[in-house]
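The first chain written gets the first letter, and so on, giving A, B and C; residue counts start at 1 in each chain.
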Amino acid sequence: MKIIVLEKQVPDSTEISVDKKTGTLIREGVPSITNPDDMAGLEAALQIKDKNPDTEITVMTMGIPKAKGMLEEGIARGADKGVLITDRAFAGADTCATSRTLADAINKVGYDIVFAGRQAIDGDTAQVGPQTAERLGVPQVTYVDEILDVKEDQITVKKSLEDVEQVVTVKLPCLLTFLSDSVYKPRYMNCNDIVDLQKEDKVQVLTNGDLNMDPSLIGLAGSPTSVKRTFTKDVSDKTETFTLSEQETADMIAKTLKEKQIITK
Amino acid sequence: MAKFEEYKDIYVFVEQENGNIAEVGYELISEARKLVATIPAMGYKVVGVLLGNGIKDKAQEVIAHGADKVIVVDDELLKDYSTQFYADALTQLINKYKPDSFLTGATPLGRDLAPRVAARINAGLTADATKIEVDQEEAANGVALLDVTRPTFGGNLFGTIVCKNTRPQMATIRPKVFELAPVDESRTGEVEEFKPTWTTTEPEVFVEKVIEKVKGDVDITKADILVGAGRGAEGCLDLVQQVADELGGVVCCSRAVVEDGYMDKDRQVGQTGKTVRPSLYLACGISGAVQHCAGMDKSDMIISINRDPQAEIFSISNMGFVGDVNKVLPLLVESIKAAKSE
Amino acid sequence: MDFNLTEQQKMMQKLFREVAQNEVKDNAADVDEQERFPKENVEVMRQAKMLGIPFPREYGGAGADYLSYILAVEEISKVCATTGTVLSAHTSLGTWPIAKFGTPEQKEKYLPDLTTGKKIAAFGLTEPNAGTDAAGQQTTAVFDGENYILNGTKIFITNAGEADVYIIFAMTDKSKGNHGISAFIVEKGWEGFTFGLHEKKLGIRGSATRELIFNNVKIPKENLLGQEGKGFKIAMMTLDGGRIGIAAQAVGIAQGAIDEAVVYVKQRKQFGRPIARFQNTQFQLATMQTKVDAARLMVYRAAMAKENGESHTVLAAEAKLIASETAMEVTTKAIQLLGGYGYTRDMPVERMFRDAKITEIYEGTSEVQRMVISGSMLR
């Protein structure tokens, strides 16, 4: 079975802060990580491979050349190879254009199942998974929490919705999107696979020279959405901060809540 | 931009399950009403789109919430949600009616469906938006271009996204962001049925079983009073619960508290948790990381208690108190009891 | 001369750091408090294939270099010196001698289980009357024509009881002194092999430190490691490598203490501002970090020399000497920066301070290191 795991390199959003003077994001020194939802997808694939060693796992990303390091980390976790889609022509792509490029590369590599993260922590769109499925013309199952059964021509998974969980079976080929708070806690890299990485280059690089896509369908030109402006949040000025004794604090809160009729008799 | 002449009106996908309409659909209709009111010259309508089976009688309810027109797609294949049939039906509907913009709630269903449809018709789709405006300069030229604003980078940065060259302009909108307009049962509107042509009726995905989640018994998004616990309150969560009990509220928390294993994920407020909008948000020992504030800063009133006078939470609070929650909360329980009996 | 880690070493370091910070750190205080062997940490290191880093792939190891192993001990020891001890004793004391001196049959039999972490290894040299003077071995192994019969007691043995495979040194010919010592591979569970007292220690309290008691233990002759009479040389060569591991542990402990202190001084406010703003704090930290970096370079240099097959006895001794003394100094200063809080068990620097002391003692005291270094100078 051939599984392609889609990954995205993202800045660690927990480390991002806003420069209060300029109102811009401080991105300097913020480490890049593999998007957490994608890591769940990789772990799910690796667990299939644990049971069935014939499984071939390809980690794939579209990004800057430096994203190769992320793919290598995926290989050091147990994936077989990587595909890095990188070209200036792909830059500035929104989800609509990104999914076109990914689908093209996925078709080129060949697959039985595509695993993706539900959403990336930088863009938070959750659109690339379903849109790639649409481009591939295969069914999707989003919000996958656990894979229950894998057969040659179908897969059964548990998906997690707000109030319910569904057990669904889908025919292959298909695309699944995973949640980082699923049962799939990513395993660590391991020393053996790190050593093996130095023996041969396991990451294939695809440029648009290889994919040969119509320039009007990729990158900025192929993106129907565009960013008009970005801004950081302005802080409200309605605030009043008190430093009182603990008893005074408690009394003042209770009094306020009574006035606002939140505390009633 | 004559090429968009045939595209008109703001369409809203009205999500329903077993005939129960999700509130977000009405929130979007309420907001769409406000949007069309800013461009009276264009004569735009608010159109509700209702997919399901045996749901025709719900159309009037959608109108009462503010729709001018409802397009109903009533079909057995649409009884339960499936990406496949809903996407097929919606794509055909959009191709036929040519909405200028198409809004969907950013619910699990909406975020499964909208991208699939957008990719099929190569329309621009903005995800998980929290604000929509009509660009008035463009409107003067007869183009109803939507400025759709959404948080990114964990709520640290906001981006305003536009779709200049494609139609419809699609967006998914976060629930609980827009206010519901009052219901007007006497409103009248047009109801039209649309019959999709099925290329296949063979489902690709089979739902074998539906299991009710046991943990999700409390819905913090529906609570009117929330008492939020942060890392600073991890040592006194019982007191946080007592305060909530006294106020008739519900306990929620920051991401740190979930990560430290003290509460379940469904209690988490913030960018990676839930967006809440209670009448009162009492923040106990919450430092106020941007990612948390993004989920609660629209609360009607925010009162916070934190040991650190520099805590970010104070900057978005109506009232902030510098103090140790471990010491304040026991007294607060008593003060609330006293206030009740006064 | 290249002071940069290779890409492979950087990736290894990232892995070790993730394992240390995400897994090992959380239970370090508990391991110390309960004086319990950190089984869960051994398991996560096993999964990350960290228990056979410098050994050949054909025997189940990662096939990486010695410096990669040193980086592992350093990163783990930053957060839990106990776990660093387990890793170090298993790798450089217990497993390495088999990889270096073992017969093909011995390697085949023992290495795969050890390098994959299915089994843990230990090293038994020290005796009640043979510490720094390791030649004074009183444990005996008498050949009866088929087996060696082992009798005696070893003390202060790291991983004792937890390990499955032990490298044991014993006199096979008392008349020859140093040259009468031989090394053996002894398995847990053999008749007559039991474990004695658990030592109650100041630091690395989760590391199992026990007596090994041998009462007529039959060692099959094929478990003689190297030649008869070469035991002392095997022990010393093993310790040359082991010392680099302890030096890395010391660097790790010291860096861990600095990392904790840096976080603390930015938060702690006195006289209306964070104590990080006071020049005393800044200068203390600068001195601490400089000393740790100096020690680290010496540790890496010794590891590189070992990797390259160069003489490293003196380099290892120097590295261990400076690193362990730096660890004592830096952890002491870290506690001072944290003041009263630093003296409590709520803060990890208290544990780090206690853990640091052992690095001046085991695998050769600082005095032994000075003997080795000066010996090479005054030859």
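Note that a residue touches a chain if its C-beta (ideal position, glycine included) is under 8 Å from a C-beta of that chain, and two chains touch if they have at least 3 such contacts.
Please read these numbers as outputs of a predicted model, since none were measured by experiment.
For subunit C, the chain with the farthest CA centroid is B. Comparing each chain's Cα centroid with the centroid of every protein Cα atom identifies chain A as the most central. Centre-to-centre spacing of subunit A and subunit C amounts to 40 Å, using the average Cα coordinate of each chain. Between subunit B and subunit C, the centres computed from C-alpha atoms are 56 Å apart.
If each chain is reduced to the centroid of its CA atoms, subunit A and subunit B end up 21 Å from each other. Contact of a single residue of subunit C with at least two other chains is seen at no position. Residue ranges of subunit B in contact with subunit A, taken from their complex: 83-84, 87, 107-108, 111-112, 114-116, 118-120, 122-128, 147, 150-166, 204-213, 216, 225, 247, 265, 271-272, 279-280, 282, 290-291, 297, 301, 303, 305, 309, 314-324, 327-328, 331-332, 334-336, 338-342. Chain contact summary for the complex, subunit A toward subunit C: residues 72-73, 76, 187-195, 197-198. Partner subunit B is touched in their complex by these residues of subunit A: 11, 13-14, 16-18, 25, 94-96, 99, 121-131, 133-135, 139-143, 156, 160-171, 174, 181, 223-233, 235-236, 238-244, 246-247, 249-258, 260, 262-265. Those residues of subunit C that touch subunit A in the complex are listed here as 7-8, 11-12, 14-15, 18-19, 44, 47-50, 52-53, 57, 62-64, 68.
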